[in-house]
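As written, the chain order gives the labels A, B, C, D and E, with residue 1 at the start of each chain.
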Amino acid sequence: GSSTQGAKPKTYTGTLTFASFNPFTGPDASFGPEMAAGCIPAANTINQAGGVLGHQVQCIAVDTRGDPADAVPAAQKMIASTENLVGMNGPSSDEALATVPIIDRAHLPMFADSGQAAFDKSTYKYFYRLTPPDDAAGVAMAIYAYNKGYRRGAAVFGNDLSSQGNVPNLLTAFAKLGGQIVINQTLTLDQSSYRTEVTALVAASPDVIFTEADPQTDAAYLSQLQQLHGLIPVIGTQPTVQPPWIKAVGGAVGRDALSKNFAAAQPFSTSQGPAWDVYNKALLAAGSEVPQPDQWSQDPYTETDYDAIIIMALAMLEAKTPDPSFYNALIPAVVGNATGATEVHSFKEGMDAIAAGKKINYVGAGGPIAFDEYQNSTGAFELIGYSTNGSNPQLAVVSAEDIAKLRR
Amino acid sequence: MQQLIPAFGFGLITASILAIAAVGFTLQFSVTNILNLAYGDIMTACAFAAYLANHAGVNIWISLVVGALFGAVFSMLLNRLVYFGFVRRGTRLFGMIIVTIAVSLIIQNLLLAIFRPTFFTYEASQGPSYQLGSMVFTASQLAIMGIAVVAMVCVHLLLTQTQLGKAMRATATNPGLARSCGIPTDQVIDAAWLVSGALCGIAGVALVLNTATFSETTGAAFLVPIIASAVLGGIGQPYGAMLGALTIGIAGETAAALMSPAYKDVVAFVILIVVLLVRPQGILSEIAAAKEVAA
Amino acid sequence: MTDAMQFYISTLLIYLFIDIMGVLGLNLQFGVAGIINFAYIVFVGVGAYTAAVVSLGPDYPGNFQHYMFGASWPFPLPILAGGVAAGLLSLVVGVISLRRLRSDYQAMVMLVLSLIATLVASNATGLVNGPAGLATIPQPLYDQLGLNPLEYQWVYAGWCLFLTVLVFLFVRAITRSPLGRTLRAMRDNERAASAVGKNVTLLRLVIFVVGGVIAGISGAVFAEFIQAWSPGSWLYPETFVFLAAVLVGGAANNWGVILGTLLVPVGFLEATRFLPPIFYQGFIEAMQWVCVGLLILLFLWFRPNGIFPEKPGRFKPRATAQSRPAE
Amino acid sequence: MEAQPKPILAVSDVRRDYGGLKAVDGASFSAMQGRITGLIGPNGAGKSTLIGIIGGQIKPNAGSITFDGRDITGLAPHKIAGRGMVRTFQLSAEFTKLTVLENLLVAAPDQKGESLLGAELSRLYWGRNEAANVDAARDVLDRFEMTPKEDELAGNLSGGQKRLLEIMRALMTKPTMLLLDEPFAGVNPTLARQIEQYLLDLRDEGLSMIMVEHELAVVERLCEPVVVMAQGKVISEGSMRDVSARKEVLDAYLVG
Amino acid sequence: MPTSSADETGRPPAYLQVDDLAAGYGASVIVNGASAGVGHGEIVTIVGPNGAGKSTFLKAIVGMIPALSGKVRLGEEDVTNMKANNLAKRGLGYVPQVNDVFETLSVLDNLAIGGYLLSRPGAARRMEAVLETFPALKTMLKRTASKLSGGERKMLAIARVLMLEPRLLVLDEPTSNLSAELSRMLLEEHVRRLGKGGTALLIVEQKALAALTISDWAYVMAAGTMKVSSAAKDLLARKDIGEVFLGRSTEGPNVQRASGGIC
């Protein structure tokens, strides 16, 4: 594929395709549906506005199985055999290191949700990230816990890649703040009993538990803690507010107990404002394609996955072609232009503004976006709770600056 | 150190479930010569059957019976409709392992397709807790241990005291000869799958009662410890499987208490390997040894 | 053909060649010598990790991944190192488990070993970077060759083909020789083999190590291609995919094994990717696996001994001219 | 048997227990070079166990075995076979998925293509050696009237044919001493007669044998001397004519 | 088709009647058009060279392998391709040539399985009787069958089949591995006694001379069919048959010697 700026853009006929390139099976199978739930409403709003440059758009799902060895051929195949593939969401941490180079080489803009620190200073031209790195979450958890007055923390994380990513910064941040990690447990996933681990935890008498593990593991662990000792406050990460986790743990320890003891750190999104309203409306309207759409209403990852599609589409309008080799360079140009640009909140608004010859600044469903030189856009964290009526009340917000100070 | 005794207690709970499962597994192998690697997935399927009953308002212990019945019938049909066909076509031990793995893939992913990727919980309370020394057990855990003991005794009586038990062992060794002695081997094999399937079902439900939640992979994740217990005890030895289950269950938990929980399984499995190096046929091994001479 | 298509096809070919290598090694152990190595993927993994660490360069503080034995060996040393490391591990495992254990126990012990290996690799984070695995493994000679990525990809496919042919010839020389015959005899009846003077322990060990070396090489070539390797890539069920390839194709038959590889790890998995997306996300992925299971069952049902069954006497010994039966 | 026979195998005070059962209970005897030593006795006397101990399949609890002047007690079976002493099994132990011819070829000694290096050097290296072995195997097949079955899988042979294969395979190793455990059980008498003659020829060429056999007529035709076992002990030795008259022998048989 | 067929008058009416049976393994047909009959109280022996198809013939009769064509009749009933366990119910007992015991089971359990169709007291009674026939087994009831010596194993196999007091007994080389004395006892005492008691006996034997001496009728099987069907004593007298099939060479020891005891 040659892509020199001097060459002519490719011509496209028919529907343009965006891919959700993520695990749909395997241990991180929850990532895929979460991401697809962002893409589909975005495509629908674009199509309702008449499409991009006369093209309708659609979403496809590509399963990476959460395994680099499976993801590599999946990526090659997606690139080779998908007609009019013009952009994608993904990959996730599980397969990013193996597939980002391939996707970049294919000149396909990707909005990764890999939290891996290796991409903090990514130099891949087609790599973008709207979500903060995994390890920032650890810092946010530490800050929140410390502010709540907890001083004896227990780190209880699964031995999987994405869970362990949180641990180093959590440990150093909590210590720097003046707290003490009294026990650091790495859980082997999906055991039938964690009672011995729980006993060790109780013996260390922590006043708060930091955790991320797959739903089944945390459910077994916490329910056995409840049996043997009674629950103590739990601070989790973004995966612990996913429906499967809530369903599993809520089922195991009781939803009441969960709502009393539980908080989770996730990238902050206001989940309000005009862009969110458009997003949420489109999401709820996508009921036939997205099962139980309301579960994603406040999900910051789903929101940014939605935003990613809108941003790519707007960049195509700016470039006057869906050819990624041309529009990729214009992606930063449709966001973060604070001064003088017209703030837009949907594809339709952006399209109209561009048609009117204006510079635009897309403020997304997940909030304002500003890429740094490495095409990362990180923001604040929020701590949310859980309530039996299913809403997730916001408990606190931790600013990006506070996190930056304590990150290693 | 003072965690050691409670850990021992926890080991007992794991061991009970492991024992029920391992005895069923070993029974299948000893009677039908099939190393059924779909066993874990059948456990999961039984857990789902019990889940459906439980959520239709049935008490958890009756749901357990539902799970056991489902396991019995499902296993028997699986053998009749799939496994036995392959055996008849001349597929041997290791070919059959691949067949069972294919079946495992199918069951697990059908469950996934039907129930979707999420997690399930029974409507059941653990009941009051009882303190035995420094070990704590809930009522349902005690019930699980009780079920395990009863199941073990029944299996032992079945195999040693009844004509059916002898017929099962005879069929396993030499089906043709068994038929010519008047044993209706097809029915005997059905019976073996019914019994081991019921154990599989009980183990599946008990496992979920223990872990609180389950998904389509729950049983499969438990398979290797089951196999380890069966092998440790000497494949085909119900008592051996019990002993193996105790060793694996307790070793795992005490290792978790003494060193890192991360190496719980590693320690249990290393014990298995060391034991086999000393006693290559497992702890109890008469039958196993005999099979070797015959081989 | 578009570039993208070429990338895809060359990737598939590379996977196919690497799988064929791996499956040939397994077949040598299982189909020919009757050793049930359910830990086969561990040796693939060891080869991959070894090639990775000896080409990643020494570890340094502040590196985003941590590992032991870091070095920057030039091509083709990492691949050789992968083979040697897997061979050494085979030797250790073989000496411990092959001597006294009965075959079905052996099989189960290997299964357990496979699980132990993944647990250790995931939990001992300093060893090969724990669950995150290793990434940014350099592709061999990428800089020196100065090719564009697509050309490089084809060169790599050619390199894999070359290695596969080599492994094939190596394995075939064994299976078609008196050594192969002796191994099959040992598989059929160990007691009788030793009674006619065969050192079965040694024979088994030799073939176990040879298979391990092949596994290691295939793992090394694989890791150098995808440039990443983690515990998720070599979970114990992967061995069964290989074993299914052996049995579907035909144990103890090298061509059968190649066909089996074409079908199971490559064909079945790729073919089912083309199922139309229906119902909900994830449904189709689940159904893919159901189909893979069904395909394996169907093949074993209609060809219980594989598509190309073992043909006795296919390796038909030649007599000297004067001895042909007089009749 | 003009020359003074020289002992080739000496078994002294060999014992083997199974639990409380003394399968072999202090057996001693020696076998002569170029002779067929008969080993007879009632069922369960310990004959096969003794053959197993000599052949290395069974480890003795006590006692020693000297073969060709060297102590071979407790040696691994393949080492014993390597020294030229090869046994057959009472229950046939064929290589089921190999053809009859291949079964024989496996047993050929010192095959060039049997080492890893040799195998890799290809037929160019081992072909000649192989061809010679094929000749030898065909020769044996011919003598045992099994040539038509050359390409049959050994697992598919009839009961008697499997017995023949046992003997043929042992002969293929070019042994200096053969341990035959009931070689003719299930073999058609006419064919057995021909094989007997062949064994006698081999004996005359210097091959030593121990033969366990229940058919006393056969023993009488072939064996000199005869060793009688009962209940794990050697109770009598001598020519068939002598031992068959002895009271202890008669008693032992009647008890068995 | 028997090449020479003697006068069959004087034979009891056939209880087992096999007509034109064909059987084999997979594609290869081994037995092709073989017929035989056994009446109550009759001892019938099949002799023939190795690989003639004798065992295959028996296996097809007792339901271990399918009959491809032909007919097997037991009494008045057509039992062609009937399942072996149903044949056992009809009183057919069978001792195969190999794989003749349940190797993983103890001697006692082997006998118990032999009496599977009997009631508990009935089995106990038979067990005693059978152990009287083979007293050597008494000392090894607890031992696993795979640990028996060759001859003990054969004894167990025969003892097991006797548990049921079969009305038709099919024995494939019952004396192989038995000591000379035991072989003689088996054939001359036990088999004769069973025959006198009305049991129909179909025996394949390589110790042809010994077997024929006690038999009423004999078949010579070769290449999958019955070449000769005649009264046993006539066959013994025939010189040609003796040389070809019975291993009796002119200069060999006499019949008595080969089949007799130690002396």
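Simple rule for what comes next: a residue touches a chain if its C-beta (ideal position, glycine included) is under 8 Å from a C-beta of that chain, and two chains touch if they have at least 3 such contacts.
These numbers come from a predicted model, not from an experiment.
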Intersection of the contact lists for subunit B and subunit D: C, E
Graph distance between subunit C and subunit E, where chains that touch are linked: 2
Whole-Å gap between the CA centroids of subunit B and subunit E: 44
Length of the line joining the C-alpha centres of subunit B and subunit C, rounded to whole Å: 31
Whole-Å gap between the CA centroids of subunit D and subunit E: 29
Gap in Å, rounded to a whole number, between the CA centres of subunit D and subunit A: 75
Residues within subunit D bordering two or more other chains: none
Residue numbers of subunit B (touch at least two other chains): 112, 117, 260, 262, 265, 291
Touching two or more other chains - residues of subunit A: 25, 29, 33, 159, 186, 188
Each pair of chains that touches, named by its two labels: A-B, A-C, B-C, B-E, C-D, D-E
Subunit B contact footprint on subunit A (complex, rising order): 25, 29-30, 33, 159, 185-197, 199-200, 203, 215-216, 219-220, 223-224, 227-228, 243-244, 247-249, 251-253
Residue ranges of subunit A in contact with subunit C within the complex: 1, 24-26, 29, 32-33, 36, 60-61, 63, 65-69, 72-74, 76-77, 79-81, 94, 97-98, 101-102, 105-106, 116-118, 159-161, 164-165, 186, 188, 291
Of subunit B, residues touching subunit C in the complex: 35, 82, 85-86, 89-91, 93-95, 97-99, 101-106, 108-110, 112-113, 116-117, 224, 227-228, 230-231, 235, 260, 262-263, 265-266, 269-270, 272-273, 276-277, 280-282, 288, 291-292, 295
Interface residues, subunit D side, partner subunit C - complex: 55-57, 76-79, 81-82, 86-87, 89, 93-99, 101-103, 105-109, 111-116, 118-120, 122-123, 126-127, 130-135, 138-139, 142, 147, 151, 153, 169-170, 172-173
Residue ranges of subunit B in contact with subunit E within the complex: 163, 166-167, 169-170, 172-174, 176-185, 286-287, 290-291, 293-294
